[in-house]
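The structure's right below; bear with me while I get my questions together.
By written order: A, B, C and D. Residues from 1 in each chain.
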Amino acid sequence: MSVNSFGRIFRFTTWGESHGPALGAVVDGCPPRLALSEGAIQPFLDARRPGQSKYTTQRQEPDAVRILSGVFEGMTTGTPISLMIENTDQRSKDYSEVAAAYRPGHADYAYDAKYGFRDYRGGGRSSARETAARVAAGAVARLVLPEVEILAWVSQIGGDAIDPAKFDAEEIGRNPFFCPDPQAAERWAELVDVTRRAGSSIGAVVECVARGVPAGWGAPVYGKLDADLAAAMMGINAVKGVEIGDGFDVARLTGEENADAMHPGEQGLEFEANHAGGIAGGISTGQPVRVRVAFKPTSSILTPVATVTKTGEATEIRTRGRHDPCVGIRGAPVVEAMMALVLADHKLLHRAQCGG
Amino acid sequence: MSVNSFGRIFRFTTWGESHGPALGAVVDGCPPRLALSEGAIQPFLDARRPGQSKYTTQRQEPDAVRILSGVFEGMTTGTPISLMIENTDQRSKDYSEVAAAYRPGHADYAYDAKYGFRDYRGGGRSSARETAARVAAGAVARLVLPEVEILAWVSQIGGDAIDPAKFDAEEIGRNPFFCPDPQAAERWAELVDVTRRAGSSIGAVVECVARGVPAGWGAPVYGKLDADLAAAMMGINAVKGVEIGDGFDVARLTGEENADAMHPGEQGLEFEANHAGGIAGGISTGQPVRVRVAFKPTSSILTPVATVTKTGEATEIRTRGRHDPCVGIRGAPVVEAMMALVLADHKLLHRAQCGG
Amino acid sequence: MSVNSFGRIFRFTTWGESHGPALGAVVDGCPPRLALSEGAIQPFLDARRPGQSKYTTQRQEPDAVRILSGVFEGMTTGTPISLMIENTDQRSKDYSEVAAAYRPGHADYAYDAKYGFRDYRGGGRSSARETAARVAAGAVARLVLPEVEILAWVSQIGGDAIDPAKFDAEEIGRNPFFCPDPQAAERWAELVDVTRRAGSSIGAVVECVARGVPAGWGAPVYGKLDADLAAAMMGINAVKGVEIGDGFDVARLTGEENADAMHPGEQGLEFEANHAGGIAGGISTGQPVRVRVAFKPTSSILTPVATVTKTGEATEIRTRGRHDPCVGIRGAPVVEAMMALVLADHKLLHRAQCGG
Amino acid sequence: MSVNSFGRIFRFTTWGESHGPALGAVVDGCPPRLALSEGAIQPFLDARRPGQSKYTTQRQEPDAVRILSGVFEGMTTGTPISLMIENTDQRSKDYSEVAAAYRPGHADYAYDAKYGFRDYRGGGRSSARETAARVAAGAVARLVLPEVEILAWVSQIGGDAIDPAKFDAEEIGRNPFFCPDPQAAERWAELVDVTRRAGSSIGAVVECVARGVPAGWGAPVYGKLDADLAAAMMGINAVKGVEIGDGFDVARLTGEENADAMHPGEQGLEFEANHAGGIAGGISTGQPVRVRVAFKPTSSILTPVATVTKTGEATEIRTRGRHDPCVGIRGAPVVEAMMALVLADHKLLHRAQCGG
């Protein structure tokens, strides 16, 4: 019931604050005898790592992961895998303003209301820096899913969406926006740079597809694959919306328009469409699992915003610091990690009840 | 870890199939000494009950709830509250077609792929009839939340949305659509009737607001209030999208546009807006908690759709039966119930860790 | 986290009070396609059923189980199995004395201290009658364990133990004491009858062995097979001690005396002894899993005992009612059921992580 | 459901192997604003620390704990508390014998049977070294329990028990055996030294009492305080038996002998005896909570014992290494820690459901 844990069988727990000595994840329930080393995790952390372009926060962190347990002679042992990432760029800074007043849109006030107290340095536990631990855990989850290919990308920044006709998976790794449409990437470079220079921020949409998920994963009625994905995605910092398959668009459709007709195919069932996003009744159908996730603009902006001090007086705050002008960009590797974590868990859960 | 249970402290488990003898919920963790009787639950079931207008399924079920345990002398005892609803209108019917072929958009194929077997009568466990158990459990959850007012309504059917300027909470109970805009209700009467007579179906959007939630409920980072709400809503039958606050709209905004500026007020903090939907960092802020939920059109339609038989051959299926032309309508009481269930759980969870 | 649920994958939830309309269990996580009918459960309930000899309580209950969900065409569907047992012999009785004063040794005072309130009729939820639900759930668990043979018996009543040399498994079903030693059974008939006629009660020890458990079930370090068995057994009404293998005797031994030497055998590993009770490091070794459980004498006796009223005044109470003179006797089928429930859960948990 | 986690609300997860770089615990659910520093944890680790007398293993470990998260300005923040202890004395050693053959009584064979693979260095995850993480977590649990005083001691080594009449709590800290009877401590010095010099080992019994637990903690029927204590204790390495209150002795008693008569007292209820060990119906009664725990002799002995190699051939093994001749001695601080962890969890769980 730990609120800092996620998953049922393949279950991970994260710990750590933005400006503490380190952060980490403990992954429990991982099957034994899977090849694992720090080198298998690091590339995923590097993809999420800040400070790699001018479009993300300039905090410089190597985000080097250490495996402290659960691996012996290069293989998982079946016991908890402890992953630790040291915080190295805890820039000494004056936090007195943030300590005294609540940053609107941030969790400052909510944490204080809940705990009567908060670690105000860089947002403490509420910092998106915690997602590094999820990405590390997600890299372990992928070991459990050799049959599944997971891909996430940014499909929209502000009001500017990619052209689906120009989707090229190869492009995603070639630009700093995880953008599959090279022309959109060029436009976004301008858009994000203008935003950054204005000390402003902007929202984004991330999409993720998992191919190769067999029919049968997911567990009705409160362990549905789509419900677990919704929790996984909505729990990522700055996320305000989640869609499975066609999402909100289906509200406008008729049953005929929304039907995913089926035909016998050479390799089993074939579907005419995938409005459902690969999930029916909470169980995978064998089609690609599709998720869309909305990220709000970072709340940290240079424009002063009216707020309240800890003692209840009116003030204004402008957030200096080193912030992502578009936090959704670095959200893509996190969405990918959460997809892997949910699927790994459901694969094992399905095996528990149904064998195979 | 039971996949048919939901909640952490205030936790309920549901059981039952569409055409079995009964269905029910076991509510565990409810505080003692709360006044509870069947009469306190029945009105919520009646609101969700089918067969009350021509706009919903014509299945006739009294949905009379019985309390089998956990209440003594009219008060909760702190022990599990067992709620049972008998199925009375299990119309004897020929299910051979549904048994033999998979209805597109339904969970038929996914259940068979998972379990190698399925109760095909009325969808078995995947039937939306299961949500009656959630509504019953939700009525108990409300006892825990005297300070909170929860209201859900249908805000859109197909492409036709209400006019927010005409929102009148009193109207919601006056029409068969849970519609707060009387003019929209009139238009929908026509729209849904046409849809029904055509043997078609149509999607909808349900919105829900909880007022009176104090700041401090919700638990970072994998027990976030918004993440739990997302799971609760996405797990409702036919739901494909969930938004908190402004949802997907925030992806288009700048940080300045999305800011919820704060001011000192007479009764504590006041906010200029509520883009965040009452939740920051996964914790309630004291503002109204706002959720939007997209329902797909019922997959059961009279137009034949291509599908596959259990043995893999091509066929067509048209679903006769008694179905909701717009399943989202009866989704409103279910969304309301899930909101209550999540909030009750988080109230107790907050009390566990932080007292108060 | 429901406190009225037990198990991780194969998980059951029980509900119901001694004198409510019914009690039951919801079994979740059961694999699909196992043959199940009420007839497969009833014999286990009959073994535990009261009123079958003068050595147990004279409460007359048919304890007829009904399956309300989760079974279709005689097979489990993989969805929750709801089991219900109606209470029929809720003898109308004057409970005013029990309502007003706390019965020593019973949970009366503790329930009042916890909940500020209690269902005093027959002990309410604290009644051993709740164990009927465990026995019903245990019968389902056995379906998951075709390779395992579980046997429980009473090995001691009061100070009178069986002679291990006279152990005869066939005898267990032939006497009303679940006693494998026919001579002990004769002595106990006299002992329990004298106890009963004196309005007194007496303690007992139950032993249980599970044969056929393969090596590898159990999960270090907080899901150990022996730790889960300890919780399962200690949670049975009136139990005050649990031993695995040689239990407390090992405290007196040296390492040499306690060693379970191993040899290669024709069918794999062979052990010289089984001091460990079939579990090492929390994981099964392939040897028989052995548990011993101590039951206290029923607290309900005719001799008046000093106690306190609800309002804090001194009084005396003697418990009339229909009580077991030796509650440990009817504990044997419950111990057997809990063994099955723990093993079924660990079989599935092992399969989840390690396959096979 | 993580099998390396324990607790419901106050929940901790441990990780680490005997010879890995470090081990640790993540404590989740701890209330905020409790004073915590490494100095508050270290004394408990020091009490359990090996190498302090000739009666325990000569492995030299400083067991210095570091707090990596969850504490800010000397107070708990309500977020996960990550505790790490580095392994410094991972003596380079030839493990080829242990790698090739199974040590009888150890978890070697069971781990291999489960995972197909094991970290054989010092027992890996099955090593009692893992209990250091429990002791660290237990020190945090004590912060939640200012009203409770917990004391554990060794009451028996081999066949030699303390004289209860000579019980002196002050003595416990004065000898290397956690022995409250100074004369027994002298006898044990001889007994354990003889055992150690013979390369043998010996069993022990540890007792633990918690005073100040109010009536009302514990949650029927599968979250009983005694059931959770049984799991907590049976899950400690080398434990084979657990008793609550009078334990197995009650099996020999009559209801009259076992009665805990109650009287009105100046400060509330007074009991004549405490056969029940402070728990009735799974709920605390306000009396001292009493537990007895049996530890087997360490399986590592110098006498060769017949065993089997990984490839199934007969061999003999004698365990050199640095081992405790009586592992029960260092079990006392672990029992104390587990008592604190269970009580802290139940205090918060009670508050969740019943307030106060």
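Methods note: a contact is a pair of C-beta atoms (placed from the backbone, for glycine too) under 8 Å apart; a residue touches a chain by one contact, two chains touch by 3 or more.
This one's a predicted model, so the numbers in the text were calculated from it and none came from an experiment.
Trainee: Which chains contact both subunit C and subunit D?
Mentor: Of all the chains present, those in contact with both subunit C and subunit D are A, B.
Trainee: Per the definition at the top, count C-beta pairs in contact and tell me whether B-D or A-D has more.
Mentor: Looking at B-D and A-D side by side, A-D shows more C-beta contacts.
Trainee: Averaging over Cα atoms per chain, report the distance between subunit A and subunit D in Å.
Mentor: Using C-alpha averages as centres, the distance is 39 Å.
Trainee: Find the geometric centre of each of subunit A and subunit B from their Cα atoms only, then give the gap between the two centres in Å, rounded to an integer.
Mentor: 26
Trainee: CA centre of subunit B versus CA centre of subunit D: separation in Å?
Mentor: Here the centre of subunit D sits 46 Å away from the centre of subunit B.
Trainee: Hunt down the residues of subunit D that sit against at least two other chains at once, touch-wise.
Mentor: 1-5, 8-9, 14, 29, 32, 78-79, 114-116, 125, 220, 349, 354
Trainee: Enumerate the contact residues on subunit C facing subunit A in the complex.
Mentor: Listed in rising order, the residues are 1, 9, 29-32, 78-79, 220, 348-349, 351-355.
Trainee: Could you list, by residue number, the parts of subunit C that touch subunit D in their complex?
Mentor: 1-6, 8, 14, 102, 104-107, 109-111, 113-116, 125-126, 130, 156, 158-159, 195, 200-205, 214-224, 226-235, 237, 240-248, 250-264, 268-269, 272, 275-277, 279-286, 294-301, 303, 305-308, 312-314, 328, 349-350, 354
Trainee: Looking at the complex, which residues from subunit A come into contact with subunit D?
Mentor: Interface residues on subunit A, with respect to subunit D: 1-5, 8-9, 11, 13-17, 20-24, 26, 28-29, 32-33, 66, 68-70, 72, 75, 77-82, 84, 114-119, 121, 124-125.
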